[in-house]
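Below are structures written as C-alpha cells.
Presented sequentially are two complexes of subunit A, the first with subunit B as partner and the second with subunit C.
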Partner chain A sequence: MRLNLKRFKSILLLELDTNYSFPLLEIIVSLLVVLSFYFMAGGAFYAFFGIPHLVQSGPEIIVFFEEWTRTHAIRTLQGASYDISFILAFFIPVLTALTFGRDMDTGTFRTFLSYPISRHQLFLAKEFLILVVISGTTSISYFVALLSFEPNLNSPGLILLFLVTQWTPAILVSLATILIAVLSKSLSASLFGGVALSFGMMISPFLFRSMDTLLVAILNPVMAVSTYIFEDYSISILQSLSVGIVASLAISVLLLIVTLKQINRMEV
Partner chain B sequence: MTKASVVRASELIKNFDDVRALNELTLDIEPGIFGLIGPNGSGKTTFLRILLGLIRPNAGTAEVLGMQVDKESLQIREKLGVLHERPTYPTRLTPLRFLHRVRDIYGTDKDPEDLLELVGLSSASHRRIGDLSAGMTQRLGIAQALIGQPELVLLDEPTSNLDVVGRDEIAQLIMELHANLGVSFIVASHVLSELDRICDSVAFIRDGSVLEQGRTLDLIAQYTTNRYRVKTDNPQQLAPILEKTAQFNNVRIVGRIAVTLSSNLETTADLEQVVRSAISHSEIKIYDVIRANSLEDIYMEVMTNAT
Partner chain C sequence: MRAVKFFIILGFAFLLASFVPSPFASRGNLIDRGYYECFLVNGSGNLLVEVSGADYRNISLYVLDYEDTAVLVREESLENTTPLFFIENVFNFSGIISLPRPDWYGVVVLANIANPALTNMRYDIYITRPVPYLVPILLFTISEVLGIGLLLYRRFEKKNRTKQ
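On to the complex of A and B.
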C-alpha cells in the first residue's frame, strides 16, 4: 500500500514534468488569470448598459461599477459563469487530448507502461491532474469573484452550485475525451472529438429551445442555473437541476467504468 | 522451463487484424546476451511487447524470470528494463531529473549520477533531453532501462538510428554492462554487425516463427563449415561461372560485392586459385577470399534455406 502510494506520487511528478511544463503551464496560469478577471470584466460589461447619462468621468464610472457589481452581484456572477463555461468547454478537451491522446500518439504511454506502473495508476494520475487543474482554476477565480463582490454576495450555496455546474460537465467531457483517445490512440481524433462533444453539449439547449430542464442540467448545467435564477429561484427547477447533476455524475461513473475496461484491454 | 531460463515462450500466436505477427513462436532464452535477429516486420517488437504485457497474445504462453506475462505483468516489469525502438522521453527534462523520476517509480536506491557516468552521459546530465543527439538519447535509454536494477534488459533495435561509431559504442557498452552488472540482455535487431561479437546465443525469426536458435559459436560451426565468401566487383557474373565449377556448390550472391559458396578445398589459398582460374577469361576482379563465418553469413544461410 505504502509502495503503491509512493509510486502514485512518482507517476504524478513524472506526469507533471512531462505534460505540465512550458507551454501548458503558462496556458493554465493564463486561463486562471482570464477566468479571474472575467468576473470583473463581466461586471463591467453588464454595468456598462446600466450607466446613467449623468455619469461622465473615469472615477465616477469606477464608483458606479463598484456599486453596480455589489447590487447586481448574482447577475454578474451568473453572466460571467455562463461565459466562462464556454472557455472551459474548449479548454477541458484540449487539455485532456494533450495529456492522453498525445502520449498515445507519440509512444510516451508505451514508455511509461514499460515501467512498473499499472494502467489504472497511470490513468488515475493523468485524470487526477486534469481535474485538479480544472477545479483549481475555477475555484480560485470564483474566490476572486467572491472577494470582488463582497460584502453583498453572501450566498455560499449559490457559489458552490455555480462551481459544481462547472465541474460536472468537466468530468464528463474529460472522461469522454479519454475514451476517444483510448479507442483511437490519436491526438487529432481525441482533440476534435472532445471539442465537438463539449461544444455540442454547450449549444444543444440553444438549438432545442423546448429542451427539458433536466436534460439541460445534464448537458449545460450553467444554463440551468441561469434559468433557476431568472425564474426567481424556483424549487422545481432546483430539483431538476439537482437530479441533472446527479445524472451527469452517474453518466461519468459509467464512462469511467467503460474507460477503465478499455484501458485494460488497450494494446500499446 | 530450464532453471536458468530468463524467458520462455511457447507457441505464441499474435494477430493484428488479418496479419499474423507471431506464428507459434517458441523460444527458450538463457541468461547472457541474446540476439533476436530478423528482418523488419518479422515479429521481434511484437514478441518484446508481449513480454512486457503491452499486448496480449491470441494463443500460447510466455514466462519472464519464471513469471507468467498474462498474470504477473507488474511484477515482471519491476525486474525488467526496456529500451524501445524510437523511444520518447519528456523532452524538457534533464537526463538526471528524468532518471530520478523513473528511479522513484521503481523504488530502488540506484544513484542516477553513477548510472549516467556508467553510460558515458555525465557531461550531458543537465542538458535538456530534447537537445541530446541520437547516440546520447540511446545511452539515456539504456540508463533508464538499468535504473530499476533489473535482472533482464530488453533492447529493441538499440542501434538502428546510429552511425557506425555509435553502433560500436553501444555494442561495447552492452558487453561492459553485462560483465560488470551481470544483467542479461535480449537485443532485437536487424543490424547484424554489432550483434556478431556480443551475443552468446541468437535466434533467427521470420514471419513470426523461429527459424533457428542456438549458441552463436555452435551455429557458426554448424552453418559455415566449408563455406567461403568471395569478394568481387561483379557477383552477378561471377556466380554463374562458379556454379559451373566442379569444386563449388551452393553458390549464392550476397549483396553487391560478394558471393558465398561451399567447397571441400582445405584452404582459402587453394580456393582462391580455383576461382581465379575459373574467371581467367573474364574481366571480373577478385578482392578477397575468406571463410564465411560471420553472423551475417549464418543469417543468409538460415534465411535462404527457409525459402
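On to the complex of A and C.
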C-alpha cells in the first residue's frame, strides 16, 4: 500500500514537471481563481425604493425586500456558477488534451508505459491532477468569494450542490477527452473533440428548451439546479437532478472502464 | 522551488482578485419634499458613499441597519430609528462608512428644501464597496508569507548543508 502511494506520488511529481511545467499550472490556477472571484463579485448589490411608495404599501415592500435579501446569496451563487461552468467547459478539455492528447501525439505516453509503473496508476495520477486543478481552484475561489460577499449565506447543502454540478461534468468531459485521445492518438482530435463535446453539453439545454430535467441534469447540471431554485425547490426536480448526477457519474465510470481497457491494450 | 513560485504567483492572483471592481448603485434623480429615497445595499465590508444635491441645495444622508430600514418603511419616518451614520443639511458628502457587521443596510437620502416655492430637487448618489476586499488580501498575505518563508527556509537549509 505504502509502495503504491509512493509510486503514485512519483508519477504525480513527474506529471507536474512535464505536462504542468512552470508556469502553466500557476497560470491556470491563478486565472481560475481570479475569474471565479470576478463572477461572484458581480452579483446584484442593491435594491432601490422610495418612501412613501406610490404603488406598494410598507408591509408589501418589507415582504419584497425580505424575500430579495433572503434569496440574494443563492441568486449570486447561481449566476456565478453559470458563468464559471462556461469557463470550465473550455478549460477542462484543453487541459486534458494538453496532458493526455499531447503525450499520445508525441509518443511520450508509450515511453511511460515502458516504465516499471502500473498503467492504471499512470492514468489515475494524470486524471487526478486534472480534477484537483479544476475542482480545487473553483471550490477555493467559491469559498473566498462567498466569505467576501455573502457572509450570511447559511445553506451549505446548496453550496455543495452547486459545487457537485461543477464537478460531475468535469469528470465526464475529462474522461471523454481522454478516451478520444487514446483512440485517435492525436492532440488536435482530442482538443477539438473535447471542446465540441463540452460546449455541446453546455448549450444543448438552451437549444432544446423542452428537454427533460433528467437529461439537463446529465448534460448541464448547473442549469438543472437553476430550474430547481426557480421552481421553488420542487422535490420532483430535486429527484431528477439527483438521478441525473448519479447517471452522469455512472457514465463517467463506464468511460473510465472503457478507457482503462484501451490503455491496457496499448503496446509499449 | 516550484512550491515557492506557486505560492508567490497564487498570492498575486489573490491580490488581483481583491481589486476586482465591485457592483455599484448610481442614481441621479429628482426627490420630492418630505420623500425618502432608500437603497438597500449588501454591506459585506465598508461602504463608499458619494452624494450631492444639485445647484448647491442641501440633502441629508442616513445609514440604517436592516431592522431600522424596516421601521422606516413601515412608519414612513426616521423618528423611531437609530441611524448608524448620519449627516444632515450638507451640499455633498463623500466618504467611507464603517459597518459593524456584514449584513444588509439602508442608505437613505432626504431632501432639505428651504425654498417653499420648490417641490423637488435633483441629487446624485454613488454607493459601492471600497476595494481591496479583506478576505483575498488576507489570502494574499498568507500565500506570500508561505512562499517567501519557504524560499528563506530552503536557502537556510542549503547554507547549512554547504557549511557541513
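Rule of thumb we're sticking to: the second predicted complex is superposed on the first by the 228 of 268 C-alpha atoms of A that agree within 3 Å, B and C clash if a C-alpha of one lies under 4 Å from a C-alpha of the other, contacts with A are read in each partner's own complex, and residues count from 1 in each chain.
Note that a residue touches a chain if its C-beta (ideal position, glycine included) is under 8 Å from a C-beta of that chain, and two chains touch if they have at least 3 such contacts.
Treat the numbers as computed from the prediction; the structure is a model and nothing was measured.
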Partner chain(s) touched by A:I218 [first = subunit B, second = subunit C, both, neither]: neither
First, second, both or neither for A:H72, with subunit B first and subunit C second: second
Contacts of A:I134 with subunit B and subunit C, given as first, second, both or neither: neither
Subunit B versus subunit C as contact partner of A:I171, first or second or both or neither: neither
Greater residue coverage of subunit A in the superposed arrangement, subunit B or subunit C: C
Partner chain(s) touched by A:L95 [first = subunit B, second = subunit C, both, neither]: neither
Touched partner set for A:L113, first subunit B, second subunit C, both or neither: first
Touched partner set for A:V33, first subunit B, second subunit C, both or neither: second
Subunit B/subunit C common contact set on subunit A: 22
Contacting residues of subunit C [partner subunit A, same complex]: 2, 5-6, 9-10, 12-14, 16-17, 20-25, 27, 35-42, 44-45, 66, 69-70, 72-76, 102-104, 108, 127-129, 133-136, 139
Subunit B residues within the subunit A interface of the complex: 49, 52, 54-56, 74-75, 77-78, 80, 82, 84, 86-90, 92-93, 97-98, 101-102, 104-107, 148
Of all residues in subunit A, those that touch subunit B in their complex: 3, 6-7, 9-11, 13-14, 17-18, 21-22, 106-108, 110-111, 113-118, 267-268
Residues of subunit A that touch subunit C when the two form their complex: 16, 22-23, 25-27, 29-31, 33-34, 37-38, 41-52, 58-59, 61-62, 65, 68-69, 72, 141, 144, 147-152
